[in-house]
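What follows is chain A paired twice: with chain B in the first complex and chain C in the second.
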Partner chain A sequence: MKSAIGSAAVLLVLMLFWQGLHLAVANSSLPSPVTTLVQLVALFGDPDFWKQTSQTAQAFGAAVVLSTVGGIALGVLLGMNRTAGSVSEPILVNLYSLPKVTLYPVVLLVFGLGISARIAFGVMHGMIPLTLFTMNAILQMKPVYRRSAAVMGLSPWQTSVTVVLPAILPEVITGARLGVSLCLLGVLIGEMFAARNGLGYMVMHAMERGDMATVLAVALLLAIFALLVNSALLALDRAWRH
Partner chain B sequence: MGRPSFETRPAAAPQDEAERVANHGSQPMTRAGWIRLLVIAAAVAVLEIACRVGWIPVTVVIPPSAMATSLYDIIASGTHWNDILVSLRSVVAAAVIAVLLGFLVGAVIHAFPVVRGAVEPLLASYYAVPTFMFYPVFIILFGVGSGAIIAIAVLLAIVAMISATLTGLDRIPTVLGKTARIMRLGPVERAFRISLPAAMPYLFTGVKLAVAYAFIGVIASEFILSGAGMGYAIAYAYNNFNNREMYGLMLLIVLVVTVVNTALDTVDRRLQARLRR
Partner chain C sequence: MSVALAEPAVVAAVADPHVRLTGVTRVFSRRGSTESVHALGPIDLDLMRGEFFSVVGPSGCGKSTLLDVLAGLAKPTEGTAEFEGRPIDGVPAGVGVVFQEDASFPWLTVEDNVAFGLRRAGVDPAEIARRVDYAIGFVGLRGFVDAYPAQLSGGMRQRVCIARTLVTQPRLILLDEPFGALDQQTRLLMGDELLRLWRETAATVLLITHALDEAAMLSDRVGVMSARPGVFIDIVETGWDAERDSRIVSHPRFGDLTGHLWEKLRTESLKHLRDG
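Showing the complex of A and B:
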């Protein structure tokens, strides 16, 4: 409760700062918070906005599913073997900190200009943290779990599904939290470059027309959406840890 | 384990620690290091063969050897020195601003527990916000150019530094504070002789992450919309179907970022190892 009041206070300060910036910028090319909210409500009545949103939602949904399944599978595969883990870990960490936009043209050349390129780019962003978290969680798992699985004569598949995955679930959820937000970032960056639909395109297009209210409204909406998803996964994370 | 984010994470297993120290000591490379090198070499070789044989069309990916010669031409001919300098200047500016401002904000937040209680839950969710959506806003504020690019990179990098500062200041052993009091050090002397050195390993982790995020922020912004820089040069080459130059520039960025990140990571691991002594 106390932290909720604190967060509300911080948001209020940010709003005031935004309003101040709006007043300070010469002849206010920066819309005020109120103008932005009005524009956001207006967008909700615009069918074109819903068309772009559904494009982004489709790409984001597909990217989340693919990177979650792929990330956990790859993480389990690499984590089951200590050598595989220590060989791949620095490579994955390096890939994580690389500016992946650099490689976006390759994705475009391989997948074409359609939605699949944006999905692939989202997966590129979201899969690595999940793989890293899953792999490290398995490597740091209590050895007794794996020994019990061996004593009970479980196959590698049974060991993964009935012993390893339940044991590492909290770390997987932490990884998924990072992965989901990075998926969204990947899809949006993909839409901002060489795309003809999606919310990322809508923002770039609005900017070219000088329609700053739309730019801010969509950016604000996406920020709120990302924060909500993140806090939902954070709550799940805490619930599982207890 | 390198830290892929500014999240708190469990400590690495003892075996990893032993190997990590061995990895960066003066001993020869570990077995895992050799296998890693072999895996990467094999991947490059497979790509080379697949391109040469024609399984992958040249219009999609060019062979790694062609990327290397293209990179050589780019450096030898000097056509892109300006872009390289523009990008590096933005990265350095963004990293310096993010580190200094992040440290300052972190220290202030640390000094006021009330503010900290309000801000900390938001810091944990901050990275979830797709920061690049605000790039057009900065373009309006600063115009197309280095200003907007540095601003977005700072926005991306600063939170890692704030979090690292908070952790670092938290972890200063209480006994050091007592020692400072016994020695009657003034606040300035105390900060420079006790607090900063004690918090240094954590602060450096923040610096490492800030540099990595500054690179991501600068290159991505240049790529989406700008008139100069390496990100822009890649987007330009892509739009003009100049695959050879595009792949040469990509290789250049991947190499530069890998070298910088690996160097910072090595220093970071040395500092972390010092903590455990």
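Showing the complex of A and C:
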């Protein structure tokens, strides 16, 4: 509830700021919030908009699933083995600090122009932070949990699934929050640069036509979506804190 | 209700020790350094079945390393450790450990915490229910089966861990300063519970502690360890009968025992203090 109020407050402040900016610039390059909302409602009646949205949703959904499952699995694997963890952490951190967009041509060459390139690009953004969060959570976990698991005769697999994962779940959810928004970023960037469909493409196409109302309407929709996902995960995070 | 939880004290030749350590030594290398640390030994020790043995010693003398060797969590560098006549390789069945830190899982209720190990081991659900109910009753947490550890005090959380060990029906119980984080009154009462647990299960108990009074009050024998590398410099028989409880702290011999232990330990503790 609190996070919902927080999200609403953020939205309201942004809207006011936006309206002020619109009045200050006073030209068509920045439509007002009302124009944007009208355009958004109009988009909801447009079958092409739904086609593009479903393209983005598919790519985003696949990227989230892959980066979440992959990030947690890799994080657990590296976190359970101290040597593997300390070797791979600097590699992951450096890899992550690369401007990934410069590698997009490579991703396109490898995956082609279809949806898989956008999914891969989303995963590239979202997976590494979640891997690092998971790995560090395991390294900082109370050692006595793993000792208890060993004394109870648990196999490494049982230890990972029934002791380590529940113990680090709050940190994993924090990492997933970050990962999910980064996945969305990756997918949209992918669509903006080399795609003939998806919301990212729609934004670029509208921009070429000078249709700023559509650009902002889609941006607004994505902002609301990202905020909702974030509050949902935040609520989950709170529910799981012990 | 008195359900015998422990295996019936198997007829073993009296001279046959339950646990036997022969020349156990443990040397490990420090992380990120080539210098190796001689932590423990050589240790020779026989524990009789059903005996309550405590280990006292200065900080860092390798007490916990000794426990790790017995629990199968660490291998001796030299020498052999045997439990019930078999060399310890990995965590032996029939050994339960209670750690110093709170090891209760905060994401599980008291009941699920206690049942955890049995469920993973695939024990029959009806049997799990019976043993869990008994263990929770034994540690006096019947009213808290659905509580989470965060809602319990430190002493109650440690009781959850004791119950979790009790349900596995251990024949050897290892305790690593289990009451170190508790206040003095709670520690005395937990000591009583530990004696009750020991009598009830007829298990062999090895207690690592830094509290001399605790060792003097609870044990049949107390082993005094030297500063690192830890070896036994003295093993003291207390001579208490099996029905003892914390009221023996007012017995004149209790003071003598504690005094004797401190006398043995004082020089070793000073060594530790000097070496840092």
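Heads up, the rule we're going with is that the second predicted complex is superposed on the first by the 225 of 242 C-alpha atoms of A that agree within 3 Å, B and C clash if a C-alpha of one lies under 4 Å from a C-alpha of the other, contacts with A are read in each partner's own complex, and residues count from 1 in each chain.
Here is the rule we go by: contacts are C-beta pairs under 8 Å (C-beta built on N, C-alpha and C of every residue); 3 or more make two chains touch, one makes a residue touch a chain.
Quantities reported herein were computed from a predicted structural model and do not represent experimental measurements.
With the C-alpha superposition on chain A as described, chain C and chain B fit side by side in the combined arrangement. In the superposed model, A:L216 makes contact with chain B only, not with chain C. Of the two partner chains placed by superposition, only chain C is touched by A:V151; chain B is not.
In the superposition on chain A, contact is made by A:P166 with chain C only, not with chain B. Of the two partners chain B and chain C, more residues of chain A are touched by B.
After the chain A superposition, the centres of chain B and chain C are separated by 90° when viewed from the C-alpha centre of chain A, nearest 10.
In the superposed model, A:P90 makes contact with chain B only, not with chain C.
Of the two partner chains placed around the shared chain by superposition, neither chain B nor chain C is touched by A:I115. Within the superposed three-chain model, A:A195 lies out of touch with both chain B and chain C [touch as defined at top]. Of the two partner chains placed around the shared chain by superposition, neither chain B nor chain C is touched by A:V76. Between chain B and chain C, the shortest distance over C-alpha atoms in the superposed arrangement works out to 7 Å. When the two complexes are laid over each other on chain A, chain A has no residue in contact with both chain B and chain C. Considering their complex, residues 142, 144-145, 147-148, 150-154, 158, 162-163, 166-167, 169, 240, 242 of chain A touch chain C. Against chain B, the residues of chain A that register as touching in their complex are 2-3, 5-7, 9-10, 25, 29-30, 82-83, 86-91, 93-94, 96-106, 108-110, 128-129, 132, 136, 139-140, 171, 174, 177-178, 181, 184-185, 188-189, 192-193, 200, 203-204, 206-207, 212, 215-216, 218-219, 222-223, 226-227, 229-231, 234. By the touch criterion given at the top, residues 1-2, 4-5, 7, 9-10, 12-13, 15-16, 19, 31-32, 35-36, 39-40, 59-61, 114, 117-119, 121-122, 124-125, 127-137, 139-141, 212, 215-216, 218-220, 223-225, 231, 234-235, 237-238, 243, 246, 250, 253-254, 257-258, 261-262, 265 of chain B touch chain A in their complex. Chain contact summary for the complex, chain C toward chain A: residues 71, 73, 91, 93, 95-97, 99, 101-103, 105-108, 116-117, 120-121, 148-150, 168.
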